[in-house]
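Here's the structure we're looking at; comments come further down.
When the chains are written out, they are named A, B and C in that same order, and each has its own residue count from 1.
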Amino acid sequence: MSDVMLEVKNLKTYFNIEEGLVPAVDDVDFQLSARETLAIVGESGSGKSVTSLSILRLIKEPGKIVGGNIMYLGKDILKMKEKEIRSIRGNEISMIFQEPMTSLNPVFTVGRQISEVIMIHQKLKKQEALQKAVELIKLVGIPNPDKCVDNYPHQLSGGMKQRIMIAIALACNPKILIADEPTTALDVTIQSQILNLMKELKEKLGTAIILVTHDLGVVAQLSDNIMVMYAGKAVEYGPTLEIFKDPLHPYTEGLLNSIPKIDEELNRLKIIRGTVPSPFQLPKGCKFSTRCDYVMDICKEREPEYITLASGRKVRCWKVTGDEE
Amino acid sequence: MGKYIIARLLSIIPVLLIVSFLVFMMLHLVPGDPVRNMLGLHAPPAAVEEMTRRLGLDQPLHVQYFDFLSNALRGDFGTSIRTKNPVIEEIAARYPYTLNLAVGATIFATTVGVLFGIISAVHRNKFLDNTLMVLSLLSISTPSFFLALLAILIFSLYLGLFPSIGVYSPTHYILPILTLGAQSVGIIARMTRSAMLEVLNQDYIRTAWAKGVSERVIIYSHALKNALIPVLTVVGLRFGGLLAGSALIEQVFGIRGIGRLLIDAVLTRDYPVVQATVLLVSLTFVLINLVVDIMYRVVDPRIKY
Amino acid sequence: MNNVIFKRLLKRKSSVIGGIIIIIFVLVAIIGPWLTTQDPLAQNLLNTYESPSSEHWFGTDNLGRDTFTRVVHGARITMTVSFVSVLAGTIAGMILGVISGYYGGFIDTVLMRATDILLAFPGLLLAIAVIAVLGGGIVNTMIAIAFFSTPYIARIVRGVVLSIKELEYVQASIVAGCSDFSIIINHIIPNSMSQVIVNTTLNLGVAILTSSALSFLGLGVQPPDPEWGAMLSQARVVMRSQPIAALIPGFAITLVVLSFSMLGDGLRDALDPRLKNT
């Protein structure tokens, strides 16, 4: 994969709430190339959603991006003026969210919500934009697009709403699509429909995708590469197939093990012992040390570095990288 | 939609019946003999008898009520004890002034209140927000008649800017409308602020940001259209409050509206006038609520009619 | 639990200020009249329209009465009228709410329709209507105000009763034979307390505004009683010669109502479980 489009370096997004300071994203790096699909995987609280929101600077008080660079085609998004980043949002980089039920404005028609993004970025007139909206509704597989365009969100099902979100996101043919848990709130059957749709569109339009999810099944279907996050930090990165075959970080291993295999007999589901630590009581040293089966003394003392291995894979773990002093 | 309007119109009939019954009963709930109250305790018995007969108070209750209703529907509310004119005439002469005040105050309060509320919400917890909210609280807590007196003092007597008595020209309306509406400005501002804050927290606002929509469009279009829905209800309710509150303003500014008519009637025990005025104001109020209800359904597409 | 609420309340400067002013007001109302040296009703026609002086801190009014003394005595009247009427309204509302929620059925429907209609109408209009029937004066004013303080409380308490009725531990109490009365005392009242307190505090402010409005119109407290609204009505005559002093009662009303509003706001936020909204 050549042409790196997006390069995130040392991203830090902190939340300053009543109980204290939460380092939701704590020094995260990753890259995205053209046509690549990168999955960001982790449990709730890992910081994956906040990472995705940070890219388009959609973080609101009490959260703040406090450090790092987000280089998009050579320019730092974090240093851009408001007008510049507005021209990128919805246009070159788009985003869809987890809750289709509440992500559409209830008082505007679906057609208006789609055509709006077209009118803002492509300077088309209202009629032409609506025309395009109808085509987009057709593209995302909704029947009767001419009727649908005048519908209000409450008249559509969850799956249809998410398709509309996708239509809005792809309306201006973005180079990057950020999808934050796009199928989590949907029924399983609808989930696979949406995923297939995304696969289709990805192939047709050549969009690069950042897919944020906790569902490894979704990851397996769509992504080229995976970045695993835990407690605000990136702990592993590599091509999907390789990680599935040979997970390096104990957390990744645990995640993969907890998926029951169809040809295996199980009395109990395998779990990762313990729970995600509260952001105010993060363990000293490696953040995963309290739940790790391979924990060593050094893990409790010092945080491991995020090391790039010879294969190109990255991992943050003493067990893998050893104590290289 | 038409069906809905008809259905709603029909539904207010029971309410109107109840209200008319209560208004009718007002006369009969008065402790002591209402006629004696009206004519004075020392009135000669012959006059009392004649009045009792003329007002039909010697008839059985249900007959009286029926007469009351049928007369009311024909616009006949009897004669004012005080001025001896038909009540309906007294009211017709004065109602326009009160309506002008109430409508003017509503427009003023809604425009300014919504604006303040939006500004407060957008600058939440900062200086502008805190100032506007303190001002709102102040406006809610200040009695309107006191504000009116202050306004006359400052603008009329000291600065000589606006006239203070009567409504002989459009300028005469300025101070009354501003002082009548002031309290509502505060209420509407607070309501708008909280509605906007709630709306601005919604996911669909985040979607609008992600689309690259400008802040101005997000606030005044995407958010406001949603926030106006609860604000509309408050405005409707406030109109009733303004109708009632205009009695105070009319008193201070010497305006011949029905508020003053009502107060004078209560003080002089002019029951026919009292009943008619209360009935009329209630009717207006119920109709306004109906209109708000219908507009509600026009503005919010989620509500089916 | 109460400590947490109290602390949250203290955090807001405005509610603290409001609370302090109210306490001062209550103290003035209770003790003040004993401390004033002059008679609020004593006329002195030789001394009318005097400006503020060391003898008359706020000057004298059109009948030579000392304005300061009248304001202090007026505090007692205002407090009495508003506290008594709102308290009566709250108690009446709670009783009605319990009856409505507990027994349900026809009584409930009738009561709720009645509160609907009552709530929809502007308070001042209702008060004037009540005065029209009963006549003016201080007692009737209190009745009128109690009248429109009742509906909202009734709804709140009814709501609490309805939600409590379904809870398991309440049903268990009923099965165990606890009397209705004990359920009311032990479950319903504590759970509705926070909303009732907030509403009552705000109602006190409204009551003061309404009673002074009624007195201003001549419908409420009658002269020569030094009720603040009535004093403002007289101030119109005096305004040209004695502007500010004549308006002192108005500032007093505003200050007290403002305090109740600030305190009520603070209470509402402190007692609200979903604190993080504003």
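In this text, a residue touches a chain if its C-beta (ideal position, glycine included) is under 8 Å from a C-beta of that chain, and two chains touch if they have at least 3 such contacts.
All figures in this text were calculated on a predicted structure; none of them were measured in a lab.
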Practice task
Please flag the chain sitting at the greatest distance from chain C, going by CA centroids.
Solution key: A
Fill in the blank from the handout: Higher number of C-beta pairs in contact (B-C or A-B) found for B-C
Practice task
Find the geometric centre of each of chain A and chain C from their Cα atoms only, then give the gap between the two centres in Å, rounded to an integer.
Solution key: 55
Handout entry: Mean-CA-position distance for chain C and chain B (Å)
Key = 22
Problem - Centre distance in Å when chain A and chain B are each reduced to the mean of their C-alpha atoms - result: 54
Completion exercise
Interface with chain B, chain A side, in the complex: residues 56, 58, 86-91, 94-95, 97, 99, 102-108, 116-117, 120-121, 152, 154, 165, 168
Handout entry: Interfacial residue positions of chain B with respect to chain C in the complex
Key = 15, 18-19, 26, 29-31, 124, 137-138, 140-146, 149-150, 152-153, 157, 194, 197-198, 237, 240-241, 243-245, 247-248, 251-252, 262-263, 265-267, 271, 274, 278, 281-282, 285-286, 289
Handout entry: Touching residues (chain side chain B, partner chain A) in the complex
Key = 202-204, 206-214, 222, 225-226, 299-302
Completion exercise
Per the touch rule above, chain C residues touching chain B in the complex are 117, 120-125, 128-129, 131-136, 205, 209, 212-213, 216-219, 229, 232, 235-236, 239-240, 243, 247, 250, 253-254, 257-258, 261-262, 265, 277-278
